[in-house]
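Submitted below is the structure of interest, expressed as structure tokens.
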Amino acid sequence: MSFWEYANPVKFMGLSGRLIPVLSVLTALCLAVGILWGFFGTPDDYKQGSTVKIIFLHVPSAMIAINAWIMMMITSLVWLIRRHHVSALAAKAAAPIGLTMTLIALGTGAIWGKPMWGTYWAWDPRLTSFMILAVFYLGYIALWNAIEDTDVAADLTSILCMVGSVFALLSRYAVNFWNQGLHQGASLSLDKEEHVDNAFYFPLLVCIAGFVLLFVILVLIRTRTEIRLRRAASLQARNT
Amino acid sequence: MLALFTRDLKLAFRSGGGFGLALAFFLIVVMFVPFGVGSDLTLLARIAPGILWIGALLACLLSLDRIFQLDHEDGTLDVLATSPLPLSGITAAKATAHWVTTGLPLTLAAIPLGYLLNLPEPAYIWLFASLAIGTPALSFIGAFGAAVTVGIKRGGLLLSLLVLPLYIPTLIFGAVSVTKSVDGLNPLPSLILLAGLTLFSVVLMPFASALALKANLN
Amino acid sequence: MTIKATNICCSRGPRQVLQDVCFSLTSGDCLILRGPNGVGKSTLLRVLAGLSQQSSGTLELDHEEIAYSGHLDAVKFQLTIAENLSFWAGVYGTDTTAQVIAHFGLNDLADRYAANLSAGQKRRLGLARMTLSNRKIWLMDEPTTSLDAEHTGLIAQSISDHCFAGGIAVLSTHLDLDIPSAKTLDLLQFIPTKDTNTSIFLQGSF
Amino acid sequence: MPDLGKYADTVILAYVVSFVLLIGLSAITWAQSRRAKRLLDAEEARRGK
Amino acid sequence: MLALFTRDLKLAFRSGGGFGLALAFFLIVVMFVPFGVGSDLTLLARIAPGILWIGALLACLLSLDRIFQLDHEDGTLDVLATSPLPLSGITAAKATAHWVTTGLPLTLAAIPLGYLLNLPEPAYIWLFASLAIGTPALSFIGAFGAAVTVGIKRGGLLLSLLVLPLYIPTLIFGAVSVTKSVDGLNPLPSLILLAGLTLFSVVLMPFASALALKANLN
Amino acid sequence: MTIKATNICCSRGPRQVLQDVCFSLTSGDCLILRGPNGVGKSTLLRVLAGLSQQSSGTLELDHEEIAYSGHLDAVKFQLTIAENLSFWAGVYGTDTTAQVIAHFGLNDLADRYAANLSAGQKRRLGLARMTLSNRKIWLMDEPTTSLDAEHTGLIAQSISDHCFAGGIAVLSTHLDLDIPSAKTLDLLQFIPTKDTNTSIFLQGSF
């Protein structure tokens, strides 16, 4: 059986219906363990004090924010090439989640910035490119909402997503070129020398797993919602 | 394609003076800045490159929706789509016409307006170069945004929302090159990046726009 | 030069409008689409023109030979009649503007801005483009709206001439046009009856 | 409760903001899903009759 | 008149989210300034009041053409003109709807955006007050400009050209009151002048707009 | 309730279109304007509606009683049919939306966005406003464009009923509408012949 069969709404509904209960338990578990461990079970940082605990929300949400867009890029491409409706709807479903995650990363970052840098906001490249990402999400969502014909909306948002990806990358580069920042570099690398202390590293990994699972489950639920709405619309159109 | 290009130029002139108005808007935005931030000359000189670039960008943005919306509303776009011209050629012709009627006059007008904002001497040539190189990218990226929003009745603001983040790299490379020249640094690297960006937009955006138009005609 | 439509289904948004439309036309044929308001005439014409996609069925025709005119006139208000037509002449790569203007009785108005035309004059200008295009397949959506009796006759005559010269025309109308040899196709017979909406979202149950 | 020291406000605020957003998103997702299911069920019932 | 007002609000929501988009434009204009002029915080703080006011003004300007143009194009304006509603009432209702969908959200959004531009502490309350008092004037003056340009196909840029000079007093009184508060001076006098200007526009502009509309329908 | 037009001259731009139009109507009358494309039917109707000014002549009618429908439908695409009509009900201060929707056979479509209507359905929605307005004088410019035979009949019937109930209707059309008791006015007879353009710039010599 080919993977593409899950692009069929019936197949997808069946599989996702079975997956959701399992996944929700796993998600709750990971999030609870990760956050409780992070909040209660980690020491203060010698430099940042207790604010280091924010990392358990900040980094996972930032990762999801970026990866949600990448997922949308892939599903959009699948829609454009193979025209599987479920794929387009999954992209639509992911956008609000990506936006929320972007906002969480921005929010926690801003709150963290106040004690660390003395300001909620600075025009640092990392921060700025996240704000640009939020605008891309907003535009994408607004475009979905502005077009009534669903196939047309899927086409246009997919094209926007592809073009937007290129320009998001360009902006990231441009913003770096424009300003040197305050924000720290990658501390999550596998290279032992670089990444944060193990005391933070392991709970952080659990939190990331929790966020990833949460993202997956929300995408599944939202895609199911979209599929149901499409079916309802089709039924309604046929009955009149 | 040539017919389309010349017709678009003609229409821009006829419908209340294409050239003049983008210019006027640019002029007025630049004029507003001293009203808003006060008339301190050293302050103005520092923000001049950025304001000039932002002003040009907004003036360009404001006329984007004309690129396809009018032709869509009166049915011309439907007919063009069934005509011998390829859609990507249509968008390229229209984006070029848009550049000739906005980007080009804006570039020329930026020099005297720079004087109003007390732009330092050595920056003029770089301001001119960066606008001349950068504004085609604005027109071609903008045409893509216009193609995406063409079906939507007066999607003017949605258009801005979609296009503005796409404009960020152009703005940054453009403004940075002028700022660098003001600060006595080498503006060439960012100018080269800007040229690359323009080349990329001019070559590839018409195809993306054609896809979007195709979807919108449905 | 043929058009062959086999089992074409058209949808608008989520709604299926026409089901299993079949017809075939060859050089010299004229097909008049008939049916009450909202039956799907415009939808079918847009599918034939390649502006919309049929949801199923196959359509054989040469897209390079199509000239389409819809409910809207595709007329630029800021250009004169002559300019409007010579623009289209440029697009289609023809140069018969002067003849067409004369043929449609627009000589007196040639230098008038299209904004200053009456509804019927505008419509005539829109239709003049069909002749100008020099293409074989004419798709026209209610060509005679707003036209008076004389000009309705003129349009009918142009269509007859076009078909007589080996062209094909498909048009929709609510009037009785005087086009000898025209076949009519009543779209009422293609209203979806079977419960076979092709939407993938209606398959199975969940 | 761990001792958060002088940064207690900051940390708590960050957690509260994140939870509000996450729970809000989940709640909206869930509510929309319920509504869609009800709508679809009603529509299927109409077809059934 | 109430029917017209609520319909305009409904249309603003339907056509791709009235509120959201003016806001988004404002956000983006404010975002662009650091890209243009660099991210030096003291510099940004100095130009913040002016930029915020100019940004709000441009966001407002961008949606002006929607006020009458759409209703003109589909024939609604002709019918409204023959309806029981007086033309001045029509313009007043439409200008008010425009303010609710743009001026009001812009006023609310200006506070957080002020933070992005590092606006000094004491200025926030005055920024809010000046926008709350000044934006109605922008909508009513803008409605007049829209009424004058309604006959002209996509007179968007002509509209800007006409309206922007009319906006200058509002901009000056508004921005000055914020700047004064930043500099520790008394912002009240200019705020009172601003209030007078708004009152004047709200009371008298609808009649001027009605005259312009009447002439345009001919 | 009367309309009395005496020696009305209308111009479009610099051109005089109609000269010395005279007619008078009372309650129950229906006047059909006829004439080829571009003769000035729309121009005259706009003058009657008070949207344009006649260049000379006097016009007596109660502007408070006018309901006008032009070549355009005055329909908002982003609103549903029901919303479109209840907006107009709000403007005219009436509340017969439901009846009107039923009368024009729009019940099934009431919650459809106007953007998703066919040309004829849109036209019907535009005309439903006339009934809704509850006004005595109907001015209609080619009301039946794009309508099929059935709905053309429906509109003709509505107009007859309106006049029968004491209203007045002035309309232009190129078709033969079945409205008993309607008078027709052929505008061809008012085409300017004398060299009496009323423009002040043509007086005297200089």
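Annotations
Every chain is named by a letter (A, B, C, D, E and F) in the order it is written, and numbering of its residues begins at 1.
We adopt the following convention: a residue touches a chain if its C-beta (ideal position, glycine included) is under 8 Å from a C-beta of that chain, and two chains touch if they have at least 3 such contacts.
These figures come from a predicted structure and were not determined experimentally.
Note on connectivity: the fewest steps through touching chains from chain C to chain D is 2. Looking at A-E and B-C side by side, the one with more C-beta contacts is B-C. Centroids built from CA atoms put chain E at 24 Å from chain B.
A straight line joining the Cα centres of chain B and chain D is 42 Å long. Rounded to whole angstrom units, the spacing between the C-alpha centres of chain A and chain C is 48. The distance from the centre of chain B to the centre of chain F, each centre being the mean of the chain's C-alpha atoms, comes to 44 Å. The set of chain C residues that touch two or more partner chains comprises 13, 71, 77-78, 205. Multi-chain contact residues, meaning those touching two or more other chains, occur in chain A at positions 132, 135, 138-139, 142, 146, 148-149, 178, 231, 235-236, 238, 240.
Looking at chain B, one finds that residues 15, 73, 152-153, 155, 158, 161, 164-165, 168, 172, 218 touch two or more other chains. Interface of chain E with chain B (complex): residues 15-17, 21-22, 24-25, 28-29, 32-33, 35-38, 43, 46-47, 49-51, 53-54, 57-58, 62-63, 65-66, 69-70, 73, 152-158, 160-161, 164-165, 168, 171-172, 175, 179. The touching residues of chain B, counted against chain A in their complex, run 141, 144, 148-149, 151-152, 155, 158, 161-162, 164-166, 168-169, 172-173, 176, 190, 193, 197, 205, 208, 211-212, 215-216, 218. Taken together, the chain A residues at the contact with chain C in this complex read 8-10, 13-14, 17, 85, 148-150, 227, 230-231, 233-238, 240.
By the touch rule above, chain E contacts chain F in their complex via residues 2-4, 6-7, 10-11, 14-15, 73-76, 78-85, 217-218.
Those residues of chain D that touch chain A in the shared complex are 1-8, 10-11, 13-15, 17-18, 21-22, 24-26, 29-30, 32-33, 36-37, 39-40, 43-44, 46-47.
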